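Just so it is clear, A, B, C and D label the chains in written order, and each chain counts residues from 1 on its own.
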Amino acid sequence: MNNREETLIPKLGVITDVRIDTPDIKTFRVVTPDGKKAFDHRPGQCAMLSIPGVGEAMFSITSSPTNEEYMEFSIKKCGCVTDWLHQAEVGQQITIRGPYGNPFPVDDVFAGKNLLFIAGGVGLAPLRSVINYCRHYRDRYGKIDIVYGSRSKDDLLDYQEIIEEWSNDAGVDVHLTIDNPQEGWDGHVGFVPNYVKELGFDTDKVAVLCGPPIMIKFTLEGLCAIGFEKTNIYTTLELRMKCGVGKCGRCNVGSKYVCKDGPVFRCDELDELPAEY
Amino acid sequence: MQKITREQLIEKAVSLLADGTVSCVLGWSKGEFDYDVTPALFNNEEELKANFVFNDFCGVNFSKYLISKTNKCDGKILVFLKPCDTYSFNQLLTEHRFDREKVYAVGIPCEGMADIAKVKQICGDGISSIAFDGEKMAVTTLYDDAPVMISTADVLAERCVNCKSKKHVAFDELMGDEGEVIDSNRFDEVEKLEAMTPDERFAFWQNELSRCIRCNACRDVCPACTCEKCVFDNPNSGVENKSPANSFEEKMFHIIRAFHVAGRCTDCGECSRVCPQNIPLHLLNRKFIKDMNEFYGEYQAGAEVGLRAPLVDYTLTDIEPGEVFDRGDSDA
Amino acid sequence: MRKCSLDKINLVFAEIAKSSALYLPVDQNDGSAAYKKWEEGTVWSNALNTVRSPKDFFFPQTEDLMKFKTSGKNIEIIDTRSEAEDFVVFGVRACDVKSFDILDRVFLSEHVDSFYGSRREHGVIVSVACTRPSETCFCKTFGIDPSESAGDISAWKTETEIFFKANTQKGEELLNKLSSLTEECDETVVNEQKAKINAVMNKLPLKDLNTEAFGGGKTNEFFNSPLWDELSQTCLGCGTCTFVCPTCQCYDIKDFNTGNGVIRFRCWDSCMYSEFTKMAHGNNRLTQKERFRQRFMHKLVYYPENNDGLFSCVGCGRCISKCPISMNIVKVMKKMGGAVNE
Amino acid sequence: MQVNEYKPLIVAFCCNWCSYAGADLAGNNRLNYPAEVKIIRVPCSCRVNPMFVLRAFQRGADGVIICGCHPGDCHYTSGNYYTRRRMAALFSMLDYLGIEKERTRVEWVSAAEGAKFAATMNDFVEKVTALGENKRLEDLRCKK
């Protein structure tokens, strides 16, 4: 029997680094016990992390596939598993399985296009792998715009990386915003949807959205208002998942399983799904 | 055969709707087969005339629905209550689970409800029609030319065989004659089990409870199980379990459920009615009722609004837990 | 085709049980039947329908997936799987046999479920044509012929005899083991039996139920229908329909801390339960109406959309007879389908 | 050949105010009672709900004993009166399900009754030892 493959049986992983990003988000670096990357993935795909006795949960892989040494997960503290992970120290073993879900179409649809990434809060986590992938293969894509907002400066994920690396790349424009004015912040203040409207992008781009549902809703409306086609907008969904492979039935919305057919959906595909996500 | 007819009930409902006393009616809706009835809300005369039924298979206890449905209706809600349902009604009022002002309760007499499983044991599967005719029902199957005549008394549901009361303890209006509290034999089965040896009892319950599929129907139908969040559904309770993973979990669920409703269970028998595996769950509830009657004096949950259940009360001279096993000997 | 007198049926069972575990429907005290392991003296029930469906044999209500041992920061993952033992399920109805196809498409598709797969490979199904369809039967609606059941071996039972026909290699092998107890025969009696069953099928109350209104791509037609409110208004939110259903396959994965390790197990779950889709940040199906709708939309629209039009219902009638409030897929189909045709 | 002597596992829920102090006194007075008795301190005997008792059995207990203040002496006035009713009902139910009645017990032990505590535990352990392992309310997954 042990020669049969079973996706539900995970691999061992070790947390080799914990970075405190914001008061409630930490980024965990995970490798296998022998120091390798657990598996290859595509930008936007997810992995199931678990702690025996606590539970298993799906997280998007934050690091770019071009990183061949390790995987990173940016995780916000909000439930049993995430609470536990936030208490974990370097050297803690966890279990990992994946990759699950369909990735962003970085090699076909995105190729040669101008890209617009819009993220709110921890929504940057799934986009970071795409952004870094596109930065790595910079010559394959056109101009890259990144709009990222959060509650406050302290709540901006990957702030160091954004300031020190992304902003300095040629052809990459980063637009940061926070919800309320704050001492020591001289950037934009305001909500992401409004900021996007203010920035008023050309519609020759593929837009990728991720963030809280309310932000997605209004940003989507804003993008459509300035002339974006829904076929050019991508987003990622999140629902409760258990198996990760479209069998346990939990993340079923319409005829799609978010774990298998998602989490990445094109916005016109979403319109065809019943409004249950 | 019920003494009150469908037409009388519809007439009553229609008149109460017409004079504005109530704005909707909680009643039984006809299904695919003559024995198949679904609880439903009726809003007007047309719906009532088209789908309302009342026959020997209308066993559903509406009391628990009042919790959710009183919020859905603008005006008052008309509910038909059989005598046993009125006890659950009172018990829910005792626990402040719904607003009495939003309900218009009509007590209806009940001659006992039939159990379709018992009918099928007599005439087999494949029932094409059931005609109600006096004390008998004529059951036609796909396999016999002539209908099988079955006396309703022979196919009464267990809870009706041992009916505890024909008296309505709560109503705004009563249709038909009022009955009496019955000195039933409902504890006979419990006594039979008590008389067995522990080994026999263990084997009995092991066999019964091992069939449990943890569908939670007993819990979800129970008028005493009205917690917003059941301990067995709450992952943070530490005892959440979704399936009878082994014989321990089967027992734990049923012991704890019976204990949670002990003193509040009116013995309405819905749990046994809905169990897809026909586990005699009422025997657990009745054991608690019988024990508490014996230890702390006769008590019928729901007999009046505001009664204090035995397990939330005490006296200075209660029986000691160690003595409960030896009662049989000391009584002798 | 081979036949054997019903007098010798226990010899047949004994022969099968020699080489593998044998399960068959057995009468219970309450008049219902349940699958039990055969041992000397077990009597095969005349009842065809069992309360629990035979999906249990391949997808049990609970099963351990793996174990973990933890010490300090270290975790040990223990693969506890073992290959299933050979077994035979005898007396499966045509509709229940069909349910295995429906489950196969879930469990044996990409990322094959090895737990299910192993049992499926080691199980031999002996189906039996129906002798007494119930009023709750509507397998014809889904194109299932109760007189011609699939499975590794098809069997037909008359008053005195039982007839076997092998459909697969596995069935052939099993039938060969029974060669001394059975004799070759032609299909005359079986054809008579089939005709008898079909005559009854035409009398069934649900014979006219059809699936025309449903199928893939109809999500928008039904999803926002106001009828869902009415249909689900008295649903208790229990899991009876899901757990007796031969095609419901949703499951939950849970960890149980035994005090000396952690067992990760899976168990059946029901989309009717309020916490089915509950997440750390909320629940996307807040009311019973949404959960109720999910169950029927999945069976009648979503599943067919993903599986070449195959519906995720076999018309076994279990939910009809077991639902505490007698609400079921037939009523949903009639109401929803009727609304579409109007 | 060496035979392992069977030693039962006993869970004793002791109320903080009387019985736990009673157990303390037993210790101070060097009164022997078996080491198999594992004491769990609870604020009042009525803190023990039926789930505690069942879970103790699930996790491998062979007997469960609940000790509280004597009726009338409850630190919270009436807690132990409720315990008395609840446990009477629960134990009667366990007996009804065929679970040996000797495995469960309620005793009232005051802070001054160190000797009673030790004697009670000795007696309880003896009775449970005679019964042997808890087989009727066990969870096989929790067995080593």
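The rule is simple: contacts are C-beta pairs under 8 Å (C-beta built on N, C-alpha and C of every residue); 3 or more make two chains touch, one makes a residue touch a chain.
On a predicted model such as this, the values are computed, not experimentally measured, just so you know.
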Neighbouring chains common to chain A and chain B, by label: C
C-D against B-C, pair bridged by the larger set of C-beta contacts: B-C
Central chain (distance from its CA mean to the mean of all protein CA atoms): C
Distance from chain D to chain C - Cα centre to Cα centre, in angstrom: 46
Chain B and chain C, separation of their C-alpha mean positions in angstrom: 30
Euclidean distance of C-alpha centroids - chain B vs chain D, Å: 37
For chain A paired with chain C, centre-to-centre distance based on mean C-alpha positions, whole Å: 39
Junction residues of chain A, two or more chains touched: 80
Multi-chain contact sites of chain C, meaning residues that touch two or more partners: 252, 256, 269
Residues of chain D engaged with two or more neighbouring chains: 141
Residues on chain B engaged by chain D in the complex (per definition of touch): 190, 193-194, 198-206, 231, 239, 245-246, 248-249, 251-252, 255-256, 258-259, 262, 284, 287-288, 291-292, 295-296, 310-316, 318-322, 324-325
Complex interface listing, chain C residues touching chain D: 256, 258-260, 263
Of chain D, residues touching chain B in the complex: 50-51, 54-55, 57-58, 71-72, 78, 81-82, 84-101, 104-106, 136-141
Chain C - residues contacting chain A, complex: 65-66, 68, 70, 73-75, 77, 79, 81-83, 106-107, 109-115, 117-118, 216, 219-220, 223-224, 249-253, 255, 257, 262, 264, 266, 269, 271, 276-281, 284-285, 290, 294, 297-298, 301-303, 305-306
Chain B-facing residues of chain C, complex: 28, 30-32, 34, 47, 49, 51-52, 61-62, 132-136, 200, 203-206, 230, 233-234, 236-240, 242-244, 252, 254, 256, 265, 267-270, 273-275, 320-322, 324-327, 330-331
